[in-house]
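Next up is a structure, given as C-alpha cells.
Which chain is which? They are A, B, C, D, E and F, in the order written, and residues in each are numbered from 1.
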Amino acid sequence: MDSFQKGLETLREIDPLSGDRIMKMLEDIAPDMARWIIEFPFGEVYSRPGLDLKTRELLTIASLTTQGAASPQLENHIHNALKVGCSRGEIVEAILQMAVYAGFPKALNALFTARAAFSDKAPGL
Amino acid sequence: MDSFQKGLETLREIDPLSGDRIMKMLEDIAPDMARWIIEFPFGEVYSRPGLDLKTRELLTIASLTTQGAASPQLENHIHNALKVGCSRGEIVEAILQMAVYAGFPKALNALFTARAAFSDKAPGL
Amino acid sequence: MDSFQKGLETLREIDPLSGDRIMKMLEDIAPDMARWIIEFPFGEVYSRPGLDLKTRELLTIASLTTQGAASPQLENHIHNALKVGCSRGEIVEAILQMAVYAGFPKALNALFTARAAFSDKAPGL
Amino acid sequence: MDSFQKGLETLREIDPLSGDRIMKMLEDIAPDMARWIIEFPFGEVYSRPGLDLKTRELLTIASLTTQGAASPQLENHIHNALKVGCSRGEIVEAILQMAVYAGFPKALNALFTARAAFSDKAPGL
Amino acid sequence: MDSFQKGLETLREIDPLSGDRIMKMLEDIAPDMARWIIEFPFGEVYSRPGLDLKTRELLTIASLTTQGAASPQLENHIHNALKVGCSRGEIVEAILQMAVYAGFPKALNALFTARAAFSDKAPGL
Amino acid sequence: MDSFQKGLETLREIDPLSGDRIMKMLEDIAPDMARWIIEFPFGEVYSRPGLDLKTRELLTIASLTTQGAASPQLENHIHNALKVGCSRGEIVEAILQMAVYAGFPKALNALFTARAAFSDKAPGL
C-alpha cells in the first residue's frame, strides 16, 4: 500500500469525509499540497505504530499552541482530537501546560480557540 | 499542601535529586526563578491529574522541538521522559511528528539532541 | 500575604476591575488558568520591587510585539500601560524599536494594534 | 541621491502610488516609521544590485510565510511580487517549499493568503 | 519514477554524495527521517519545475535565517547554494534582506554562519 | 547631522570603542551591514528622545529573550545595559518577567547568558 492510500485510511479513522475536504480545500490553488498532506502527515506520520492517534493529536495541539500563529489548524486538530477520543479536559490540560513552555499569551489564545472548537459544529480537517 | 511542596513531590517522582539541582542551578543569579519552577510547572501543572507524566513529558518535547532554541531544556526533558517511563522510540516518534508542524530543520536538530541525551549519563533537570 | 492576594492587589493598582474580568473570561473553560494569571504574573512578577509597573508594561509590549501572534494580549497590555502612566508616545517608541530586533512586519502590526487600543474604550485585561 | 529618494524610486518601480500609501498609512501614529520603510527596506535593501526585484519579493514571501503572524504584509508582498513580474505559479512554489522548512500549517495559511491576494483588487503596499 | 528515486536524483544534481550522507547521518536514530528528507523535500519539492535550484536554495536560506535556531541546516544550505551556482554575493544579499523582515540579530547570526560556510571545506548536506 | 554621525555619537555614549568594533566585525563579509547598524538602530532608533537608553536596552533584552535564538546579541546588549547604567538586578528582573510571556525555557537560557555576561570582561557590541 502506498503513502497516499495509507494517508486516506488514517484520515478515514479520524473522520470519513476529511480526505475529500482536504482535496477540495486546495484544488484551485495547490492540489499537490493536498496530496502531500494526505501522503506525508497522514500516510507517513500519523499512521506509524509508535504512538496512538490520541497522543499524536495532543502533540500537534502542543506544537500549534507553541507556534501561536496557526489558529485555523489548531481548531481543526482540536476537532480531530475529540474524534479520536480525547476528552475536552485532556485537550485543555495540554494547552494549559504550554503556559509554562510557550508563555501565557499563547496558552490563552489556544484556550479561546478550544472554546470556539468545543462550541461549533465545524467538521475539522 | 502548598505549591512548593507539591512541586518537590512531583519532581521526586521524576528524579529524587532534581529539586536540589534546580535550586543549585539558579541560587547565584535568580533563586526566585528556582522557586517558581518548583511551584508553577511542577507544583501546579505536572502535578494535575488530567494527563499522566509520560504524556506531559512528550507534550513538552513537542513544544521545545517546535521552539527550536531551547536545546538544553529539550535534553533535560528527554532525560525526564525516559525516567517517567517513555521509551526511546516514543520520544523519537514525538520528534519526528514535529517535522510536519515545525518543519524539518527543527525536527532534525531535536533528533540530534535526543541522540546526545540517549548516549550521555547526565541526570536531566 | 499569599500570591493570589498579592496578584489581586497588583491588578487593582492597574485597574480595580481587572481581577474580576480575568476570572470571568476563563471560568467556563479553565478557571485554574485565571488563578494562575493572578498568582504568577501579577502575584509573583509584576509585584516585585526591582522595576516599576511602567517599565514592566513596556517590556511586555516589547515581548508581545516580538512574538507577533498575540495581538489581543498586546492590546490589553497597551491599555494597562496607559493606566499605569505610560504616554502614547512611550508605547509607540517601544514598538518602533522592535523594527530593529523583530523586523518591520511585526513592528507595523503592533503599531496598528496600538492605534486600535488608543482609539477604543475597551477596558484592557 | 539619498536613501529616501532611492527608496521612493524603488517603490515607483513596483507601484507608482505605493510611496504615498505608506506615508498615509502611518501619518497619524508614527510618521518616522513611514520614512524608515522608504529609506531602509526600499532605499537601502531592495535597491541594491545583487539580486533582482523578483527574487527579492520571493525571499520576502519565504520569510513572511516562515514567521506566520504577518499576513497583511504577506498579502502586500504577494501583490508586489505580481507587479514586478512573478507569476502566480512562482509565488505558490515559494510558499509550498516552506512546508518543508516552516511546517505545513504556516505554508497552508500562506496559501490561503495568496488565494485572497490573487482574487482581490487591493493595491498592495 | 517514485519520490525516493526523484529525490536521490535531485540530491545528485546538488552533490553526488549527499544522499548517502543523509542516510548515514540518521541511520542509528531515525532512518525513516532520512527517507522522508530524500522523498519529500528533494523528491517532491526541489525537483518541481516552477523555480530553479538557485532560487530554491536562496528561499531556504531566507527561511532558515528567519527561524534563527537552525544554524547547522543554514550552513548546509549555504554550501548547497554555492554548489548549484549561487555566488557568495547573492547569498549575502539574501541574508542582508532578512534584517528588514526578521530583525538585525537573526541577519547578523546568519552572516556569521555564512562566513563559516564560506571558509570551511565541509561538504554540506 | 546625518544618521551615520548620530549613530556613532549614540554608540560613543554607550562605549567609545563600539563603532569601530561593529565595522571591524563585518568588514570582510558585509560592510554595508555595519553601516546600517550604525545608521538605523543607533542613528535612528536609540538616539530618539522618547525613551532613555536604560529603558531601551531593557526593551532589547526583553525582545532578544523572547526570540530565544540570539544569545550573542543578548550578551552584547546585557553589556550595553550595564554600561548605560542598568543594575544587574534590573537586567535579571527584565529576563524573569519573560518567563510569563515567552515561557520558562527562554527565560532560563537568557539567565544563563546574563550570568556569562556578568562574569566576563567582553566589551559588548
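As a working rule, contacts are C-beta pairs under 8 Å (C-beta built on N, C-alpha and C of every residue); 3 or more make two chains touch, one makes a residue touch a chain.
The model shown is predicted, which means the values in this text are computed figures rather than measured ones.
Between subunit B and subunit D, the superposing rotation on Cα atoms measures out at 180°, rounded to the nearest 5. The centroid of the Cα atoms in subunit B and the matching centroid in subunit E are 30 Å apart.
Once the centre of each chain is set as its mean CA position, subunit B and subunit C turn out to be 28 Å apart.
Counting only residues that touch two or more partner chains, subunit F has 32, 36, 40-41, 64, 67-69, 92, 96, 99-105.
With chains as nodes and touching pairs as edges, the resulting graph is complete, every pair of chains being joined.
Subunit A contributes residues 67-69, 92, 95-96, 99, 103-109, 111, 114-115, 118 to its touches with subunit C in the complex.
On subunit C, the positions that touch subunit F within their shared complex are 40-41, 45-46, 48, 50-51, 55-56, 58-60, 62-67, 89-90, 92-94, 96-102.
By the touch rule above, subunit C contacts subunit E in their complex via residues 100-105.
Of all the residues in subunit D, the ones that touch subunit F in their complex are 32, 36, 40, 44.
The touching residues of subunit D, when paired with subunit C in their complex, are 26, 28-30, 32-33, 36-37, 40-41, 64, 67-70, 72-73.
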